[in-house]
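Common to both upcoming complexes is chain A, partnered first by chain B, then by chain C.
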Partner chain A sequence: MKRVFGLFLGIVTAFGGFIDIGDLVADAQVGARFGLSLAFVTVAAVVIIMCFAEMSARIAIATRRAAFDVVRERLGPKAGLAGLAASFTVTAMLVMAELSGVALALELATSVNHLLFIPVLAVVAFLIVWKLPFEPLEIVFGVLGLATLVWLVAITHLAPDWGSLLHGATHPSLPHGEGLPTMLFFAISLLGAQATPYETFFFSSGAVEQGWTSKKSLPDMRANVLMGFPLGGLLAIAIQTASMLVLAPRGISVQHLSDSVSPIAYSLGKLGLAVAILAVFAVTFGATMETLMSTAFITAHFFGWSWGVIGRQDRSSRFYALIIAVLVGAVLFALTTIDPIKVTIYAVVLSSVTLPVTFLPLLIVGNDRRVMGSTLVNGKLANTVGSLSMLVVIPAALLALPLLVATKAGMG
Partner chain B sequence: MVRRPSRASATGTGYARCQRVATVAARAADSTVNIAELDAELVRDHKTLTTELQVSLQQAYSDASSTLSGFDAVLPPHRSDVALQQRLDSALSAAVTLLLEMRVRAGQGRETELVPLIPQLRAMSVRLKLFEPLA
Partner chain C sequence: MSRYDKTHDGEHDRQHESAEQDESLWVMLDLLDRQIIDDELQPVGKVDDVDFVADGLEPPRLSALLSGAQALGERLGGLLGRTMAGTARRMLTDPRDGARAVPWSDVAELSYVIQLRAGIAELNLEPALEVWLRDNVIGPLPGSGHARS
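Moving on, here comes the complex of A and B:
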């Protein structure tokens, strides 16, 4: 019973971890502008993130070390440093975006300007990292993140023509008035939002912290990956669907977080809206903690610093100093009054740029029999999916920045 | 030697650009007006929270204002563009005024007074859509 409960919590955490501010914004934008024509990108992103999250956790199980540490050792410091710089930059941008997402959720609940919440939230985030064990909090935010199921309830309540939805998802088309470059840009944004590098790092660090150091941990780990991420993907498609059903017919293009939750109010009224705001708060706060700790984890793994563990903070001064620096940077950046939704869009696009430098090293290490051993080394399935993923993420990475400029971040 | 474009072609490019800017501005403003209309309908159906409504209308007003100022910053390159610029400027200004009124009413707790504005919002959306065929 205890194991089943633990498995449930793991799946819930992976599910909650899949949805963050990037998904809330990108999915709502895509649904409002392209309907379900880009749902296949979500399916591809789920397969890709499942493949590499499983691989990074398997590396952690085989080596009893986090993936970034092993990658640096196997590929050398230069290649490792390039990956670290890229991943750190994107994840630090996401810290600011997620922190703003929490503040925007509070703004929706109170109508107090979100900028007033940001410094307070940064202090709270630091106190949590400093004083509280993260695992129970991760579970709390994961369970609260189940409130995102309100999107599924909302589309059911709207009673759409399911056959027509399925047809739209399986027959992608370019809507009238939209250009192919814009559609490609949003496809890449979606990929970057849903296959974010920090998810693999965090999964790997979590595997080490949870003591997944024997092959007996493989079934639990795979259950988390194989159920948590697809459920997250399903929810992402539900957000796209809700936007398509309510916002697209009215010609509304999503510019703010409040636009993402409007379809819930339309379908379910005040109670649904309150649950949606709670869901946004939970997933963005959970993601704030994950991205914040990921920036510190990957740097600590790379340079061999001591990690922050409750009760041993005095031995992890560099780890905590980095967390403070990232938080201060995020707060100062946010207080420039820059639009957090724009930052989110840029962050998810940059995330897609960094995917090859994050995933390719994992594929190389996962194939190294000396590191992985004969039983944990990549099998045919992992190698096939991993290699096919490269055929998607490399062109996406090359096209991301030119399309960002050419389409004015999808607004052109 | 660098060949300069002829005056006619330069003007043609400028005219097309002015049309494109007008279309993008009209489409952005229309989206904003439609959000406000959805908000008003949610008030009518008792489906929204006051706090969320205030934030949404504040953002709608702010977006429309920045669309207007962004459009006004582009000078029409040709005399024939001036009429287009004036027509859209008038429509955008009317949209900003309407959204300001909505924002004020919501801010003062007079949400129910948003409902009578729904026909005006629909008319405004129709007016802005007239610039769509320019795409």
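Moving on, here comes the complex of A and C:
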């Protein structure tokens, strides 16, 4: 029974790690404009992130090194540094976006301007990193994040024609008035929102930090990945569906976080909206912590710094100083009143640019029998899915920036 | 809390043994960009560069592993590398000769990571930036675990 409960918590945590501000924005946008025509991208993104999260955890078990150690060791210092700069920038942008997401959830609940919450939330986030063991909190955020299941309830309550939903998802088509480049742009933003690189950084850092070993942790880790991420993917498609059912017929496009939750209010009323706001709060707060720590993790791993020793923070002074700097930067960036939804869109698109930089070295090391040992080395399945993933993420990375410009971030 | 478990997988030990047996070590593959840890498994830095000494007719011998922004900057080269190395050099209050060097004789064990024979403080390998931030930023914060003097 205890084991089942532990497994449940692990799955919930993986689920909470999957859904963040990027999903709340990108899925709602895509649903309103393209219905379920891009749901297949979510399915592909889930398969890709499952493959590489599992691989990075196996590498962490075999080598006790996290993802960005491996990136530098295989790509060398030059390409590695470029990869670090890109991944750091994207993840730091996400820190600002997630923090703004928490503040916007509080604004929806209290009608107090979200900018007032941001400095306070940043202090709370720092205190959590500074003093509290992150593992139980991650579980709390994950369990509260289950409130996002309200999206499934809302869809059921709208009593849609399930047959036509399935048909829409399995027969992607270009909606009237939309261009193919725009649709491609949104497909790439979905990929970046769902196969976010920081998930791999955070997952593998956790595996190293908690000293996972092959015998004990491998089955649990696989169960978390194989059940938590698909559950996250299901929810992402649910957000797309709710948005399609409620926003699309009314010609509403998603400009604000309130547009993402408005289908819930429409379907379930006040109580549903309250649950949705709680859900947004939980997933964005959890993701704030994850993105924040990821920025410091990848930098520490690249330069070989000591990192994250609770109780002896003075032994990782550079690590904690960087966390403070990123938080201060995120607060100042948010206080410029720049639109956090726009920052989110740019961040998820740029995320897709950085995916090959992380994934390719993992695929190479995962295959190195000398490093991995015969029990942990990539199997046929991991290699097939991993190689096919590269055929998706490399073109997406190359097309992301040209499409961002050509479609004016999907507005063109 | 143990960050790096001292008991390696069987495969690792075999790899280590075979490296010792044939005494061949590839600087590019086995040393550069690998993690250095001290005897308490605390991260020391990356192998950012290596140093060789040559005396007389003998072939050059690996003398030290270099670690830190100065060594990395000099290895990278270019504008970015020079800036990185220059900044690192200027930050040193006690300008040591060159970058942080780990004498090869201080290396105790070689696997996927490079473990030293003593602690980071004992070997005088603490990075200047880490020390400065500990004394001026992180140490003074309440609950950092830093013993105030």
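Definition applied: the second predicted complex is superposed on the first by the 407 of 412 C-alpha atoms of A that agree within 3 Å, B and C clash if a C-alpha of one lies under 4 Å from a C-alpha of the other, contacts with A are read in each partner's own complex, and residues count from 1 in each chain.
Keep this in mind: contacts are C-beta pairs under 8 Å (C-beta built on N, C-alpha and C of every residue); 3 or more make two chains touch, one makes a residue touch a chain.
Given the structure is predicted, the values throughout are model-derived calculations rather than measurements.
Q: Going by the contact rule set out at the top, does A:266 touch chain B (first), chain C (second), both, or neither?
A: Only chain B; A:266 stays clear of chain C.
Q: May I ask you to decide whether A:253 touches chain B, chain C, both, or neither, giving the answer as first, second, both or neither?
A: first
Q: Return first, second, both or neither, reflecting whether A:358 touches chain B, chain C, both chains, or no partner chain.
A: Touch partners of A:358: none, neither chain B nor chain C.
Q: Taking the superposition as given, does A:295 touch the first partner, chain B, the second, chain C, both, or neither?
A: A:295 sits against neither chain B nor chain C.
Q: Is the number of chain A residues in contact higher for chain B or for chain C?
A: Looking at chain B versus chain C, the one contacting more residues of chain A is C.
Q: Who does A:277 touch here: chain B (first), chain C (second), both, or neither?
A: First partner only, chain B.
Q: Return first, second, both or neither, reflecting whether A:177 touches chain B, chain C, both chains, or no partner chain.
A: The first partner, chain B, only.
Q: Does chain B (first) or chain C (second) touch A:304, or do both, or does neither?
A: Only chain C; A:304 stays clear of chain B.
Q: Between chain B and chain C, whom does A:241 touch in the aligned arrangement: first, second, both, or neither?
A: Neither partner.
Q: Report, in rising order, the residues of chain A that make contact with chain B in one complex and with chain C in the other.
A: Dual-contact residues (chain A): none.
Q: Under the touch definition given earlier, write down the residues of chain A that touch chain B in their complex.
A: 107-111, 177, 246-247, 250-253, 255-256, 258-259, 261-262, 265-266, 268-270, 273-274, 277, 411-412
Q: Touching residues of chain B toward chain A in the complex: what are they?
A: Those in contact with chain A are residues 24, 27-28, 30-31, 34-35, 37-39, 42, 45-52, 54-56, 59, 63, 125, 132, 135.
Q: So in the complex, the part of chain A that touches chain C is made up of which residues?
A: On the chain A side, the touching residues are 62-65, 69, 72-73, 76-78, 80-81, 130-131, 208-209, 211, 213-214, 300, 302-307, 309-315, 317-318, 320-321, 324, 370-374, 376.
Q: Can you check the complex and tell me which residues of chain C touch chain A?
A: Listed in rising order, the residues are 1-5, 9-12, 15, 33-36, 42-46, 48, 67, 69, 72, 75-76, 80, 112-113, 127, 129-131, 133-134, 137-139, 141, 143-146.
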